[in-house]
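Notes for the one structure printed next.
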């Protein structure tokens, strides 16, 4: 194997190891952090650096190692980059919703309950978006 | 290849085109959709008759879909039995369709005509295919169409019964797949003829698994055929279904019976080792029990549609008593009686509707009500249908039962078979006499303010046709039984079928 | 031309995506990709009313910055998860006032915040002027708000003119 | 542990769970039971082609070993059909619940309650 | 007239008349009775025309095949026995028609009456003229059916309905037993042709099945001829109009059993078993009927029991298996037909004129209705067996024959009992005549308007009575040749000496006869006292017993049926699973072979084991959390995910794709449905039941899992798929063998599959389109959200993300579609991907917003999808190839290079359209009802708020 | 070397999946379970990618892509259900 080949091997292996490690760390965080909002930070690692690392590793693996054209892994990353924040946002909304509807039974976590941003409007989970605001997309 | 060679596919192509066309037209021009539906049924009947005639010479025709040879592709197999079933199905469709249109049942919900055509597609496909997995697919087609047709018109009773009907059949379909998986794992093929050959070559290590597969497969068919104790889904389902549909459903249980007749000799015949005639020891007792339970239901039923539903169970039991003999003459008897019992079941459901439509709030319950219009005629129709269903002369049920009695004579357990057939006939006669006399003879003074329901005689056409066909089936019993006997011989000669499907070895 | 290609950015993106998916750099693939890049935006236009104008150059720069931040932040948060005790954590809700006025821009900002580990965009206010962010460890919430506004919102204002 | 054991035991557990749930008294549980059951059935049908690693049935001049493609095609068909059936069953269960106010699947005590079926149809005014 | 025509005409005539009457049933009485009379008369004429030849020894026969397979031929034959019965059926039939014309009020349903009567006549004729025993059975059951109609003619009377049903149950049931007997007989004899059978008596009687067959046939005969213990139906059949009774109970229906005994004499008679059974049954019946007749008060009741008794006499005579007994029987058949029909008609006249049939209210009618009195009295005398009437001759012959018979080794038994019965019959016959017509009227009311009817009514009985007299005075001249030849036909050998005369000299029989008359008169004289004693004892009422048995059967059977047929899904599924578990166990245990095969196992990796653990854990979680429905869905997702991984692991990329996409759509469906279903329903089942279910579940799991294990550890058996692998590229034009299988090798399956999905879509639409109406509509309008909701409907970030995702996912869908033939993918998966793209819009921006922007209707998609797939399949027919034959080719396109075009791709477009349409239709419909529910709720809340403000 | 990395990745991902399962079963809130499922899907995608590398076969790539899509759809649908009951409105 050529020196370049070894270099590629090392790069690919490092990417895979980093990716796998971050996936594990993300899942570990999800287990050990105290409440939902903290745990929600875990998956971001799995999605971003974890899966990202492995996808790039895979890409290089196929392109450099096997000589195949393999860029489509990027698409998965692109897709996840678009969707992961939305998932997190929706889950956070679920948490906020629970905070309100379950009252004292709900575990607010160390960050407590979020205060209303201003006296004119509360968060959208608690108050329907104002009709004329940007928040009112697709409200019919 | 000439166009007639493609006729084999016609019973599938016709409804498969008619259904989407009716779907497209239904919303705008209803009458056109109805016409398409009728034209399709007529065309199916014509095609079936041509196939029936062509099969009369004893040749088994195959049709390789996609030109892929058996056993690698799917082939249709047209022999005497499948021709009979196709003709029967097309006939039933005509009767049911006439009744649905005449009684305007087709307007009581969405998509009647497309679903009806799809239902026919499923039936025809099941009767034609020579491939086990393809049989599963057509089972599903006919089932899903039947779910929707069964619910046509809706209402709480249908919905409640529908849930049960659907779920039981979903379970049945799952079991079908398990059996299929086992058989493919063991034989490596899906073509029934090929499977029969390969089953015969299996080693001793595989016999247990093979027997499991055989029993599983046949019990799936038994579920469709509503064989006790797998019949529990039927009474309520059929009793609450729109009668026009229920009349078509009379053939649905026969699909299960047909499949048993098709599959057992072809795959689990003499050469099948531990699976040879695997269902045989269970079939006769189960069939006898089915006949008893069915006619006991007829005996105690409190309304005509329920009675009809139980009669369907009972007749299936009687039919399977004959099938369980697995001899040329018992199968011949079964085939003749199969056609008869399908028509008779349909006639009962249709008559129940004729009565219900006239008796306003009394419906078809066996409680006396005020005199209703055309009671005499309705009573005659009922009597004829009941005579047919119980198997009294002069309609074909009598000949069918005679055939069965004679053919099972001297087979093991013939005494039981005879006893059950005759006793259930009597129970049925008493049951029908009771409901009939309560509805057509007894009367109560008309309730105040209730206007008599005025219905035209047109809705008697469909049951009358069914009864006329029963009479014809009786009069023409000579040629009919001859054709049935030839079909039975053909079915039992699995080797000949295998040669026809797979080519000479 | 404007009618044929209402959103050139989207069209280009689709062509790129098509080529990525096809995973083979062929002329045929490119042609099909162009057809799709033209047809799909037209077909889907009703589903995205009022698409904003985008400064693509600023957009690409922003993208690179975010990618870098993601990597860095990942390591920071990995450290926290692995070695910081729960009772030492300082999670906090940040209420970020926004000057962005298009839903697209707000979404990109919120997405950026979520993708960079340590912060999760949790909600938008009913008036659309505030973003609720949960920070995993923010001993000084005001500083964190300021950082986000400076590092991301300011740049985004340039991307979405 | 062999892969064969894992698959066979999974099928067994899914079947057991499916049967148990299907025997519960409410439509939703029953549908869940059917779902489990159909997972098992699909796996079973798939397993009829045996378990093959690293040999997807994508034909190539250079490859000679393939997983058995036929069960895969069959399972595909089965999945689709099961999906259609499940969807219908779910909707029907819901529709029945909306109509009757009950999602129980146990019946009443008469073989056929008066006022059911065609009789009830006859009573209803014909709809245009 | 040619023989075939003669015979066919004879049998067809009554049916034809019935048909004509039925068609003209809304016309007048005259037409109905006229047609019936014409039919009967014509038939009678034919019988008379051939009578000479037949009595002369010629057997006219004709046969046409009907169902050769079972030996059922349409054979008719007329021999002396048939001739006599045919003559009776038609002759008495004609008289009954005439009588009936006057008897029935013009307002009655005479059309129905005469049509049924002629139907019955035809059936009776069929019985006596059948030359094939199976054909005989056909007519036999037809008499049961038509008599059912006749007995129940006055259908608004409860006793008529009950009587009809009972008659049907007993005679029809007996007919069924007879079927068994006859089929056995035919099987033993090797033919169902009557003539053939009659010649094979030796073979039949030698058969081990002879006793069974005999008993079965006898039951058939006894039920029809009202022999003990099946006699009870006959008195209740008296609810029929009197003309019917006159017909059924004199010469026809009840004689059918006697006829059959006579008919089958050569095959059945002569054995000890036969003699014992038939003689004793006849004897008991004769005695019992006569005894009860003595105490009945209803005229028709008396006649009914007398009929039973007389039938017993006939049966007994036939049981003797003696030639002269046969002669006596034949003669008595004639006698009985004459006097009994006359008596019934007389009873009818009395009833008609006085309005009552209760003999206790009548008396001294001779003064007001002398003609009737004369007719009835002579007929009664004939029944009593008084000289010089025909009844005397046959009775004396009977008594004479009893002396020949020793039953149970007791030579005196039969003569003594027969004499007692004869005594009783003298008593009841005389009671009938004397109490009715002589003495003083007991009740003035029925007497008030009574007078003789017009000649139309009394002509028929009068004619019959004249016959009865002549049969006594000039028996040989009137009936000699007939009786001789009939008896010969019965026994199968010519009868030498007939001895039909009033005077046989002084012998024991004469003594017995005289004793009978003397004691009979004595009995009548002391009747009142005996009656009191008789009525003091509570008698078993057969009808009551029958009703009670029926009621009991009905209740018990119903209870059983109801208990086992509760529409319980759990019961249905339990039965199904139980059957399966039992069969799997049975198959595995009895089939032999090994559970584990010889195929080497493959070691599992750590990931595989972890994934397996995940699957097991999730499955258990589903079961344990079954009532927390939302949680369950999440666990289900885990299972789906693991199965996807399994498909990836086991080289099934297409399956993985399908599983993934189907999974998510299913979850969405379940979520949509769950919104309106109870979220955490209460517990339903009891502990024992759960244990039972757990055991069954474990059994099922072990069975199927074991089967899977057995399968997986075996080597494949040369699967046909090697052909598919070999031909996929060269013959199907694609490298993805799974896809080529789906769209080419097994495209027919796929066609069915998409149709299933299309139907599912349509079915769901049909199901849900009606939710706004009826009970469901009401329920939705009053629907209460069962969990608090966030006010925000369309989260900003989500909405914006889906706007960019739509074109991206669509592009992915197109890509997956196009490459399917060669790589994992295809129309189905593409359709689901595209559906997911739109679903995201629904999820984020809502139904209305999205629906307003979608253009193609789902119905259209489904329909055109099926049509496209069909058109693709049919296209190959144009090229002379079979349905669904594919074609593909590679084309060089400038710049692009080689491009493959395959018809399979066109087929896949059809697949795509149907799947997409069906999925969208289902989800859109389902989300719409939630919409309606939500809107209804909002409206409700608003209304509530307005109320609160007020 | 790459094969060691791949083995390492399998071990990590297996552990990660197990941890996901733990959170999924433990909850305590519905949100926790959704997060666990969402992460599980991500890890499953990673497993598929690694399997692809192990078998030198990118046939499974579409499965990974599709899984990413439907994982997202599932997550938002679950959330929408908890927030609004009606996931399509």
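First chain written, first letter: the chains are A, B, C, D, E and F, and each begins at residue 1.
Here, a residue touches a chain if its C-beta (ideal position, glycine included) is under 8 Å from a C-beta of that chain, and two chains touch if they have at least 3 such contacts.
Values in this document were obtained by computation on a predicted structure and should not be read as measured data.
Any chain touching chain B that also touches chain F appears here: D, E. By number of C-beta pairs in contact, C-E leads when C-E and D-F are compared. Set against the Cα centre of chain D, the chain with the most distant centre is C. Among the remaining chains, C is positioned farthest from chain B, on the basis of C-alpha centroids. The centroid of the Cα atoms in chain D and the matching centroid in chain E are 36 Å apart. With centres set at the average Cα position, the gap from chain E to chain F is 60 Å. Note: centroid distance chain A to chain E, computed from Cα atoms, is 69 Å. Inter-chain centre distance (chain C to chain D, centres taken as mean C-alpha positions): 41 Å.
For chain B, the set of residues that touch two or more other chains comprises 133, 137, 140, 144, 147-148, 151, 154, 156, 160, 163-164, 167, 171, 178, 181-182, 184-185, 190, 235-236, 297, 300. Shared interface positions of chain C, i.e. residues touching 2 or more other chains, are given as 17, 21-23, 103, 106, 110-111, 121, 124, 126, 128.
Contact of a single residue of chain A with at least two other chains is seen at positions 26, 28, 40, 42, 70, 72, 75, 79, 82-83, 85-86, 89-90, 93, 95, 97, 124-129, 134-135, 137.
The touching residues of chain E, counted against chain F in their complex, run 605-607, 610-611, 613-614, 617-618, 621, 630-631, 633-635, 637-638, 641, 644-645, 647-649, 653, 656-657, 660-661, 663-664, 667-668, 671-672, 674-675, 785, 787, 789-790, 792-793, 798, 809, 812, 816, 823-825, 829, 833, 836, 839-840, 842-844, 846-847, 923, 927, 930-931, 933-934. By the touch criterion stated above, chain F contacts chain D in their complex at residues 55, 57, 59. Across the complex, chain A is touched by residues 17, 19-25, 70-71, 74, 77-78, 81-82, 86, 89-93, 95, 97, 101-103, 106, 110-115, 117-118, 120-130, 132, 134-136 of chain C. Looking at the complex, you find that chain A touches chain E at residues 79, 82-83, 85-86, 89-90, 93, 97, 101, 124-129, 134-135, 137-140.
Residues 10-11, 13-14, 17-18, 21, 24-25, 30, 33-34, 37, 40-41, 44, 47-48, 51, 59-60, 62-63, 65-67, 69-70, 73-74, 76-78, 80-89 of chain F are the ones touching chain E in the complex.
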